[in-house]
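Look for chain A in each of the two complexes below; its partner is chain B in the first and chain C in the second.
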Partner chain A sequence: MKTFARLTLITIAAGLLAACDRSPEQKMLSDTGQQVILPLHETFLAETLSLSEAATQYCSLGERSERDLSALKDRWIAAMNAWEGIQGFQFGPITEDNQAWKVQFWPDRKNLISRKTEQFVKRDSEITLSALQQASVVIQGLSAIEYLLYDTPSDRLRQPPPSGHRYCLHLQAAAQNLHEVADFLYSSWQPAAGNYLKTWSKPGPDNLDYPDQQASIGAVIETLVYALERIKRDKLERPLALADQGQANPFLLEWWRSKQSREAILVNLHSLQLLFNAGQGEGLATLLKHHQGETLADEINNKFDRAVSVTAAMEGSLFDDHSSSDTQLALIQLHGLLGELLSAFKRDLPAKLGITLGFNSNDGD
Partner chain B sequence: MATEFQRRKLLRLMAGTTALGVIPASLFAGTAIAGRATRIYSAASSPEGQHFLCAWSDNRLLFQVQSPGRGHDVILNKPANCAIYFARRPGSWFVVLDANSGDKIAEVRSHRGRHFYGHGALSNNGDYLFTTENDYEQGGRGVIGIYDCRDNFRRLGEYASGGIGPHQLAMLPDSQTLVIANGGILTLPDNPRENLNIDTMQPSLTYLDTTDGKALGAWRPPHHQLSLRHLDVDAGGLVTVGAQFEGPKILTLPLLFSHRGEQALTPYRADDIVWRQHKHYIASVACADGKVLATSPRGNCIGLWQGGELLRQEKLGDVAGAAYDTVRHQFVTSNGRGQFVSLGARQLQLTGRVAGLQWDNHMSIAG
Partner chain C sequence: MPAPKMIFAVLLSLATSVASAAVPSNTEASNTKPSTSEQSINDTYIQLAAAVYEDSLIAARELQSSVGTLLKKPSEKSLAKARAAWRKARVPYQQSETFRFANPEIDEWEGKLNSWPLDEGLIDYVADDYFHEMGNLGAQLNIIANPVLKIGGQEIDARNITPELIESLHEFAGSESNVASGYHAIEFLLWGQDLNGTAAGAGERPYTDFAVGENCTHGHCQRRRDYLQAATTLLVKDLEDMSARWQKGGDLHAKYINLSPEQVMTNIVFSIGSLSLGELAGERMKVALEANSTEDEHDCFSDNTHYSHYYNTLGMQNLFMGQYQRINGDRVGGPSLAGIAKAKAPQAFERLRLAMNDSVAKTNALVQAAEFSQPPMKFDQMIAEGNSRGKALIVDAVNALVEQTAALEALAKEIDVDHSGALAF
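Showing the complex of A and B:
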């Protein structure tokens, strides 16, 4: 017992010493990884498991009530929200081998999700996980499940079996595939598998992906920029004709079938703010303070807070209510705040930290 | 346009070029470039905004010369043993350095009323240099400047490029025909990075007879906002051109096309997802060994293609430069993180890195 206590003390002391030795940059990478990236991926893993189990259970029911379907939709929303937490990542396993496309196919200008799902379900062969994984990524994940639960197949799924049997098989296969993707993403960050956490948080000259700390920190900033641009341009401007983008086309909204577009933006903003702050740890915000950027860090957090408030306060769905005067006003406010956040992450923050965001990618020729 | 005198003179000069044909590699034996370890030439910038013209080999810089401004492409004149670095558009200079020492051989300023577009190509005997230029005093007409490499890069004249915004160009194996990617984008020096004709731009792939400046043909991409920018030609004369899409980003279009003879541009075949990963942007195209390598710094990806089909895709941050290493028989890329990364048989391999340097869009390799 005495030996154990001594060992524990030594371990704690060594840990504290190691922590003291770490530079603010190393601490930022460590905290961002441990307190945000891993938990967000773990949440996605857990919610996709829950959705997969719920789909299996639903399809095994002899009688299916509206409440049963609604409960299944809730599991889909939870999985979708968990996805929105990591959707914007521009580094890590999510960028490998079309993983993001397997989860979500959007925007879908040609209505491929509907067409390909119907083709897959109506073809004359067995619907299995393996068959789905051989098929187009368009029908493999959350987007296809949304179509099944919220579009025309929904009525067939609601009827007692054997009605909608093949839709149910697709639903289960897609939910299982989604969980497999989530498992790949989560485990690839872990030491037992790809150990991407080490790759990203331990930069060095021999590290192909991250030759220096700037590259690792830059990956986080690029994720923030990309995700904010995606909200501003793809989730607001294009579908809702903000910023002179022509006629509104709400069918270009994300998750228009389930009318969860606004909620998805809310999750995005919350997750991005978490990423900026490394949760309760020492993230980019703290790093800014080490570089005389405390005011900027506070301003960014203030803008995130306001963007979250404005989004949360909108009434109804963007699909149905985007043209109401109150929503329009809120959208313009949100759009402005996103522009200010983008400006901060593209210019002010990199300048304070002495980081170049891309070179050829930023302004090539 | 070239003056009549210049045209006649060029005709004679080019006739000489044609007679020489493709210079066999053996003729380079004994020059300083030949037979050495792989050397990579590229323009670079520091994060602080200083610009350099560099050569790298055996994990060290051979030279790092202060540049008059941000560079773009670099080509090697093997017979003359020099490296020619071009300013990024709107460029007012190209600089010629000794390929071994980095000593300056020439610094050429753009002709009055012209600026460079960042690229050049040599006649196959290395005697003449052709550069893409903007005749901005004539409203942005694209021209091909002609320079005599044997006479301190004296400007001999110019030809019409056949379009607006000529960008990269290359000499075909026939030693007589230039292929030019006319990007179609009108820019003027007052707002050099602003696209002034986004709605009416007409990019084209144009062929030009260097003996008389005659346009031999022009081919347009399937969308008028697919700006054709970078290209390479394989040993058999098949041209591959990469595009940058200036239109609505919600559209997904092929970004690589092959072309030969009188056929229409043939798009490379890939899923929309592959093209979306490229984020509407191809930076460099390199043809060798029956394959084509194309880079996308916005998509952080490298594609290896054969016969218009994707063979393999790799991820690499801010990757842009691409060239083929004839010594190691592999493609090499460069990026804004100071890295040179080779496409190994199964995976990417770090060839080398210079901390504190960001390699600019293009590179050349001397084997």
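Showing the complex of A and C:
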């Protein structure tokens, strides 16, 4: 009895000590989760709900004006921007069961989005949410809605019903599916539901996914690396022939139909910088300072700032204006900064923190 | 070669010691003198690469000879023989692919041999509803039908279809979809477009597409014959080059004599990890499955994809185990990463060994379904919407490759191989 009481006391004392004296690593995980990851997922949830409601409302209109369509496009842009905030995550529910592909299919070299959407809309069977969910991922989310709103179907959608009726059904089903995906992602992170936040931010020997703090921290670095690689290679080099002598092919740009590719990069950069700093909290940047990496942290933030301002200052869209001399100059600058950021996140930062990064799907060719 | 990149499961391995996080340069060979037992890992690496590229060359020469017979006497039978020779040529080549990823020398070379998916309208006639890469200026060039290629105000003299001409048109106008040479260009010439979608059946090009004179179908038979011959000649030549580079006196032979054994181990881990996860499981299987897209099938004209995936997987196991069975049945091999791993980290070794066996078994299940079940189910049928049995087969193979990558990372950590040192950027 006496022994038991003493043990209990020691346990309580140890618990209190841990609570008061949180390590910089614990603080980093907690702030990154609370101040960046949860809010970004919440925004995506809210914007997809708003898009879904707007689609339903639009399709119920007896008369449709250009203005109505344009308002709906604005809701799509907001949802797309919210997606760009979490697009690069390499851990958590987004990696389960191809959630990301349901949201976005890109690059779509052979125009599968158009082909599969037209096939789906023109077939005999009913267009429902569950039929859509059984179909190709290509037509299930933002990419398909972009096609409907900005490509050939948009004319039919502009006319009063019953014109474009089946496109409207597809539009509503895709928006609803998108919201379901967002809801799954959001609730999987939430303490009240799936609580991935706890899985990730409470590493330990009993935690299969994150046996130590470095595994949890590494996941954040891996996300930064992956997302920056995607911007550099897939959003710039390949469509705009930045790295070689080839010819630009703007159809490989991310959102070429809506001409929102540059804005998407801007959102990416902004969210990645937030992730690095844990918003206003103590993130990777602060952790670096605990490891004699203050200069590196400042350099990284400086490069993010410059990349954001170069991107923001470009005029027009990448689709139309990528070859203008001003844009070319800015693109080369941005490309260089991305290379420097990548080298910092792949080499300098892991070395400072004693972390080894793993394979990701950008490896290969 | 490059194909759509989609977000895919990522795996992280994290070294706990600060020491192991120091990233070595992958461009310079270490000067440390290797111990005798470890040095032989270099020898095995060279031996396996030399054997698999030489086999690829031998099989390509047999393909060349069958193509010669087809052109000499076009018939159902000679076309079938050429197709069979093409399938056989894929066996060693797909096993060689694992060597690509840690060696930029090979990666830069391989594009002209194994690029996919292609806009085949660059080469020959296509169906009216042919879909190609948007914005690709070369997608409908049809080299075979046009002795003078007109593009963007330029004219290219294509009167003589030679290996040099084909080489110069590869990745024409900077598009990766303009695949003028290599296995898949030859595959297209032998089979033609697979117009069956996700239903049964491969390409059905008639042998008369290669006939001389009146029997010629689809026009331009002489130029089509020239193209097939030139593309096959080029394939043989490219494989002669690569094969020589692994023989004594070749640059890659010398490279691997001089690399430290640690770097060889790093390269083995890096190349298996890259092929396993991002390339095979991701690009070649999961994209096609999730998009239900036959355009993203690897051997889409011949429906040989199941074998290509199986031999890719076998190649990874070969490299880890330090073994390879040549096309004549001979076995080559020697001291391996597996041997070192077994001694240093038996549990992690065993996990990876089992995972690799499972990957081979699960890709073999694709082969069984495609070749030996009644009715057979090819890869393009497996990816059809609503085919739950087909989907399950592919998902099983993908999951096995994902676990194989995770087991590889765990092992690398145990034996202090830091493969991030091989990441090129």
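General remarks:
We take it that the second predicted complex is superposed on the first by the 337 of 365 C-alpha atoms of A that agree within 3 Å, B and C clash if a C-alpha of one lies under 4 Å from a C-alpha of the other, contacts with A are read in each partner's own complex, and residues count from 1 in each chain.
Keep in mind that, in the parts below, a residue touches a chain if its C-beta (ideal position, glycine included) is under 8 Å from a C-beta of that chain, and two chains touch if they have at least 3 such contacts.
Just so it is clear, the model here is predicted, and its values are computed rather than measured.
Once chain A is used to superpose the two complexes, chain B occupies space that clashes with chain C. By the touch criterion defined above, A:354 lies against chain B and chain C together after alignment on the C-alpha atoms of chain A. Residue by residue along chain A, chain B and chain C are tallied for touches, and C comes out ahead. By the touch criterion defined above, A:212 reaches both chain B and chain C. By the touch criterion stated above, A:111 is placed in contact with chain C alone, chain B being left untouched. By the touch criterion defined above, A:137 reaches both chain B and chain C. Of the two partner chains placed around the shared chain by superposition, chain B and chain C are both touched by A:101. Of the two partner chains placed by the overlay, neither chain B nor chain C lies in contact with A:302.
By the document's definition of touching, neither partner reaches A:65: not chain B, not chain C. When the two structures are aligned on the shared chain, A:250 is found in touch with chain C, with no touch to chain B. Only one segment of chain C in 168-176, 186-194, 222-230 or 348-356 runs into chain B in the superposed model, and that segment is 348-356. Residue overlap on chain A between its contacts with chain B in one complex and with chain C in the other: 90, 95, 98, 101, 107, 109, 137, 212, 214-215, 219, 233-234, 238, 252, 354, 356, 358-361, 363-365. Looking at the complex, you find that chain C touches chain A at residues 1-2, 4-18, 20-23, 100-101, 107, 117, 131-137, 171, 173-175, 177, 270, 273-275, 277-279, 282-283, 286, 290-293, 295, 385-386, 405, 409, 413, 418-420, 423, 425. Taken in their complex, chain A has these residues touching chain B: 90, 95-96, 98, 101, 107, 109, 137, 205-206, 208-209, 211-212, 214-215, 219, 233-234, 238, 252, 354, 356, 358-361, 363-365. Within the complex formed with chain C, the chain A residues making contact are 87, 90-91, 94-95, 98, 100-101, 105-112, 115-116, 134-138, 212, 214-215, 218-219, 222, 226, 229-230, 233-234, 238, 241, 244-247, 249-252, 339, 342-343, 346-347, 350-351, 353-365. Interface residues of chain B facing chain A in the complex, by the touch rule stated above, are 45, 47, 72, 88-89, 118, 167, 193, 229, 249-250, 273, 281, 283, 297-298, 300, 315-320, 335-339, 341, 348, 350, 353, 355, 358, 360-361.
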